[in-house]
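Chain IDs A, B, C and D follow the sequence of writing; residue 1 opens each chain.
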Amino acid sequence: MAAVNGKKIKVGIVGGTGYTGVELLRLLSCHPNVELTAITSRKEEGMPVAQMYPNLRGHVDLCFTTPETSPLEQCDVVFFATPHGVAMEQAKSLLDHGVRIIDLAADFRLQDTVAFEQWYNMPHTCPDILAESVYGLVELNREKIANARVVGNPGCYPTTVVLGLLPLLRRQGLIDPSYIIADCKSGVSGAGRKASVPTLFSEASDNFKAYGVGGHRHHPEITEQLEGIAGGAVQLTFQPHLVPMIRGMFSTIYVRVQPDAQSTDFQALYEQHYAGEPFVDVMPAGSAPETRSVRASNQLRIALQRPNPGQLIILVVQDNLVKGASGQAVQNMNLMFGLPETTGLDLVAVLP
Amino acid sequence: MAAVNGKKIKVGIVGGTGYTGVELLRLLSCHPNVELTAITSRKEEGMPVAQMYPNLRGHVDLCFTTPETSPLEQCDVVFFATPHGVAMEQAKSLLDHGVRIIDLAADFRLQDTVAFEQWYNMPHTCPDILAESVYGLVELNREKIANARVVGNPGCYPTTVVLGLLPLLRRQGLIDPSYIIADCKSGVSGAGRKASVPTLFSEASDNFKAYGVGGHRHHPEITEQLEGIAGGAVQLTFQPHLVPMIRGMFSTIYVRVQPDAQSTDFQALYEQHYAGEPFVDVMPAGSAPETRSVRASNQLRIALQRPNPGQLIILVVQDNLVKGASGQAVQNMNLMFGLPETTGLDLVAVLP
Amino acid sequence: MAAVNGKKIKVGIVGGTGYTGVELLRLLSCHPNVELTAITSRKEEGMPVAQMYPNLRGHVDLCFTTPETSPLEQCDVVFFATPHGVAMEQAKSLLDHGVRIIDLAADFRLQDTVAFEQWYNMPHTCPDILAESVYGLVELNREKIANARVVGNPGCYPTTVVLGLLPLLRRQGLIDPSYIIADCKSGVSGAGRKASVPTLFSEASDNFKAYGVGGHRHHPEITEQLEGIAGGAVQLTFQPHLVPMIRGMFSTIYVRVQPDAQSTDFQALYEQHYAGEPFVDVMPAGSAPETRSVRASNQLRIALQRPNPGQLIILVVQDNLVKGASGQAVQNMNLMFGLPETTGLDLVAVLP
Amino acid sequence: MAAVNGKKIKVGIVGGTGYTGVELLRLLSCHPNVELTAITSRKEEGMPVAQMYPNLRGHVDLCFTTPETSPLEQCDVVFFATPHGVAMEQAKSLLDHGVRIIDLAADFRLQDTVAFEQWYNMPHTCPDILAESVYGLVELNREKIANARVVGNPGCYPTTVVLGLLPLLRRQGLIDPSYIIADCKSGVSGAGRKASVPTLFSEASDNFKAYGVGGHRHHPEITEQLEGIAGGAVQLTFQPHLVPMIRGMFSTIYVRVQPDAQSTDFQALYEQHYAGEPFVDVMPAGSAPETRSVRASNQLRIALQRPNPGQLIILVVQDNLVKGASGQAVQNMNLMFGLPETTGLDLVAVLP
């Protein structure tokens, strides 16, 4: 499917009040090929977007509207920055009007509907649309995304873990797929903008904690992708932690190198695999990545360590709101409309 | 009124789930003369206190109980760490049982009930008890507090501003009472433990803002105290700000020195005034106080600056949860029960 | 002076290792009319810039060079992001080669060389160049900057205080110029990237403090500008504080409204004064600005409060590294080379 | 060796200006059996301790003195809160005067002097004293410590990892000792109070990073202890990270449960092992520990997770400056002088 013939892409955002919503607005308001058409929020109907988010003063003039009164069906693409379950409800109608969909929630991430129902406590109401949807990890599914009508934008943790392991699992025999550990750390914005005690400043600041003790929703999503790549079973131990920073995600992934593969040059393997990727940076050997090196940018950076022959450590950083959410969604949109993948995303990370 | 004859003071806490509640528990669980008798929370009934606040594991064995089933009437003193309006409701009944009351909310701070109703949006339901209550700023009302049945523990901002100005306003003619500016900065814990968007980590971290644009409840409280001290009208401009730190309050107070008073040695004045106070520290001339120098302690520190003859700046720091709330409440309790004022409060600030 | 005939502006940066240096690089690497030609650092000679600042990986390919071996004299403009005193030394030689200069240090800020020597502990070695230099506050000196060979980029505090007071002091009789108070708060990046104990994370985090007790270098700079605007004496009390955040500056300015001017509509006055300014945003009445609303952008936002008829409070926020330093420097460059002022600076603030 | 017959213990501190030094002062100034006798700092000679650390105003009256002029030899015990290598130099002389030594640096931690020289870049100059010294992990070496003349206080990371694995390695066959992963996260105060760029607020705040890529000094220390406990070889992968918080350490330890041991009740095993320990808290099953639950206290808390039968995760938190350094040192002192182990250490963690 080609772009829109030199015309701007008409974009709608459903649920623009959360952090992925405001981040979409930050990115799309500067995107040269986008015309922001509608931003919906039932709760904030009528409020100027820039009043809720003063960083947008002078950049976004729209007010929040309700989905019912919004010209979503006239859009070329609609982003769902909503709670899980909303995109499922509205997908069919939009598709029928020729609108393409990028869902930043989980409705179109997991092909396994049983796992979906178990982890998200709701039935999947449009398995047929799910069946045609594409998992929007560009570096994995570039061609499919370009032609997709519905894209399920990956979760933040899965983006780091899947891209961190992709070059390894593509080939048989490099690592032991039955013993992979992902020790992951996220900034607090990953929990969203909902009022809640555990994410209050006075609770989360100057503190570090584990969470998701009983399991985390991103676990089945990661496993489904890893098994698809490996073509077989993968056993992953996944432990998320909360870091007192706003943005940023750091995944430390521990894998066992198979005895026969210990002479592999993993650094070269990764560099070759990601050589053409604009948003995946394989850092030089010996690097120690830090989250601020990607803050507010769409980069994901990877570094490798080899503390002993049987052990490989993959360190991955991204901004959870950009490459881990809204930036990746825009990257998907660019692909879907035939634009250069980096359009509107050529952002230098903010440091310090 | 004397202490309790060598026996421990039986203490109840109403509303122990907020930050002033957990801070009371931290202080009282180590207080040598206190027996914690009941901690109420309607919402958390039955939950072990140390489950909600794991820092108390091994120190507090109680569970939260409802007020109805709690032995509050058998206590010697009850602290109210509740929303405004709760202490008013229960005060009479407790007093009738001989229980003394220290309210950490605003019910017994303002003698001006019209101002109370205006700023707290509720009528004052026990003006007679209010009339006998004492404003619990020890350094101002030491004797009265010792004999009080009901103490209104001061607000956090008022503690810094009133103690910062007390030596000046006690004497006529030193400063211009019609032009006092208090530019105040508070850590986020001052907003309490209630789930709310503006105090989320992702909103309040790495950010500094003004608030209370339309006025702040502590304004009439401060003015009432200052006018009581000055014996006349005082005009105060009071601007609060929010600092991305958990604990700590910093007030920068600007006053105009009267032309006839410009030769005053203000440093000496303050040092003499506070010479005997265990919890007010007048720092040496030229000091720049910092909030961490009082973190988790009951100290309030004051430093003076004199940028030009007509201008005096008073810099005041405290921990808003200790001297600005729960520590001051314990200091009041000590006085009320004839204990040395520093009992259980001889804490060294935690630095770094 | 016009632009460079469609060719890119050749830019050199002297002293690219500090925070204003890396911020210049972030902005200039995306500037459509700029060709980064040289970045000097004696200490880091030969090191790839992107190795020191991994956020620049993929955006800046240069290595640090020494000033001696750098093609600075072939540049169109050189930015000095150096300690005070360096630009003075190199200015004459560059000017002789037709290179224009934007100094982010203090060498060309103060016309009063006596004050300069007193506050910066060094003699001014090129008073003739100083005499022709222009104070680079665009909103004050737009025309002069366009034609300047040497621009002294304003200090961060002065930018907020001068722009905060400009509409008031332009007219006689609105406020009392003998009693202005600027209570200012800065993020820690304002102290630069030099290793020092007071700006360590463990010292500055979770802490708020006053500093500059014996006076601050920006005081004479602010006063010189204010007096130039007012055409007469101004007495300013200026108290800086340190906030535990990386970027951001918040100035709370207290002025006395003259009795005859108390019916002035200050909101309208500010809105009219700044109506055409792309980087000064007068917020609606009743707003409470926050620093994150300008984080990583070149905006400065102003809000007004009027707690009583005799008192006006001006609240000003900016990102100290952008509008307070490197962004303003690029704004100056745009003007000097005939480009639209907003070129390369149309950044949406990063929130959250 | 018994206590000092009812007299106070005379304590000297060598190198009192760093974070472990000021933390020792915070703890010892409130210790009922201690008389602070001397605090040395060559660099700060003559400065009142409370001027450098204003939290100690009113608690510590001493000035820093030089080691030469300090009555260290008349002390009962001397703490070394110095860089590595200092305690080695002064140990013999102090021991000859009957002074006992607790070293908070690494001089007496590693019995393997080859590893010491390799990791600390200096020869070990008193191997005989090293031979008699005891590794000061109370929960491992309680009896030996009581009688030791020289105690090497454990490193912060080793304290968490060794105590986290102790109950497992004491018994053969529970876990695979050849594949242990410790993913550790430390607050910034662990890097000390030395001026350095990487630990500046503007570098470390709002950021998360890995470090120690080429290996970390605590690795051989941990391995030496683990192998001593296990009575055989242990292979540990140890990856430290830096968290933007002042205090706190969180270790996530991944071990493989041996097939024959998968029915073990690990929760019960840990609870029994640590039942009598005042400073090790095994949290209930399903807990997710957080560092603030031990902030400023001497507690170390452990929680267990069992995501699948072959995998056990041990989560350990402590305050790196207390149980990970100065608090543990005081615990050692208490043991060495026959005092109850908790004397002066009965601190409730500061939360929030």
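Please note the rule applied: a contact is a pair of C-beta atoms (placed from the backbone, for glycine too) under 8 Å apart; a residue touches a chain by one contact, two chains touch by 3 or more.
Which chain is which protein? Per UniProt: A, B, C, D = N-acetyl-gamma-glutamyl-phosphate reductase.
A quick note: this is a predicted structure, and the numbers were derived from the prediction, not measured.
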Interface numbering overlap (same over half, different under half) for subunit A and subunit B: same
Pair of chains joined by more contacts [C-beta pairs], C-D or A-C: A-C
Farthest chain (mean CA position) relative to subunit B: A
Averaged-CA centre spacing for the pair subunit C and subunit B, given as whole angstrom: 40
Centre-to-centre distance between subunit D and subunit C (centres being mean Cα positions), rounded to whole Å: 46
Rounded Å distance, subunit A centre to subunit C centre (Cα mean): 36
In subunit D, residues with contacts to at least two other chains: 19, 187, 189, 193, 202-203, 205-206, 244-247, 287, 289-290, 292, 295, 352
Residue ranges of subunit D in contact with subunit C within the complex: 19, 187-189, 191, 193-197, 199-206, 244-246
Complex contact set, residues of subunit C against subunit B: 179, 181, 183, 185, 187, 202-203, 205-211, 213-215, 235, 237-239, 241, 243-248, 250, 252, 254, 256, 286-292, 295, 303, 305, 307-308, 311, 313, 315, 352
Subunit C residues within the subunit A interface of the complex: 19, 22, 26, 29-30, 53-59, 189, 193, 205-206, 246-247, 281, 283, 287, 289-290, 292-297, 299, 301, 321, 346, 348-352
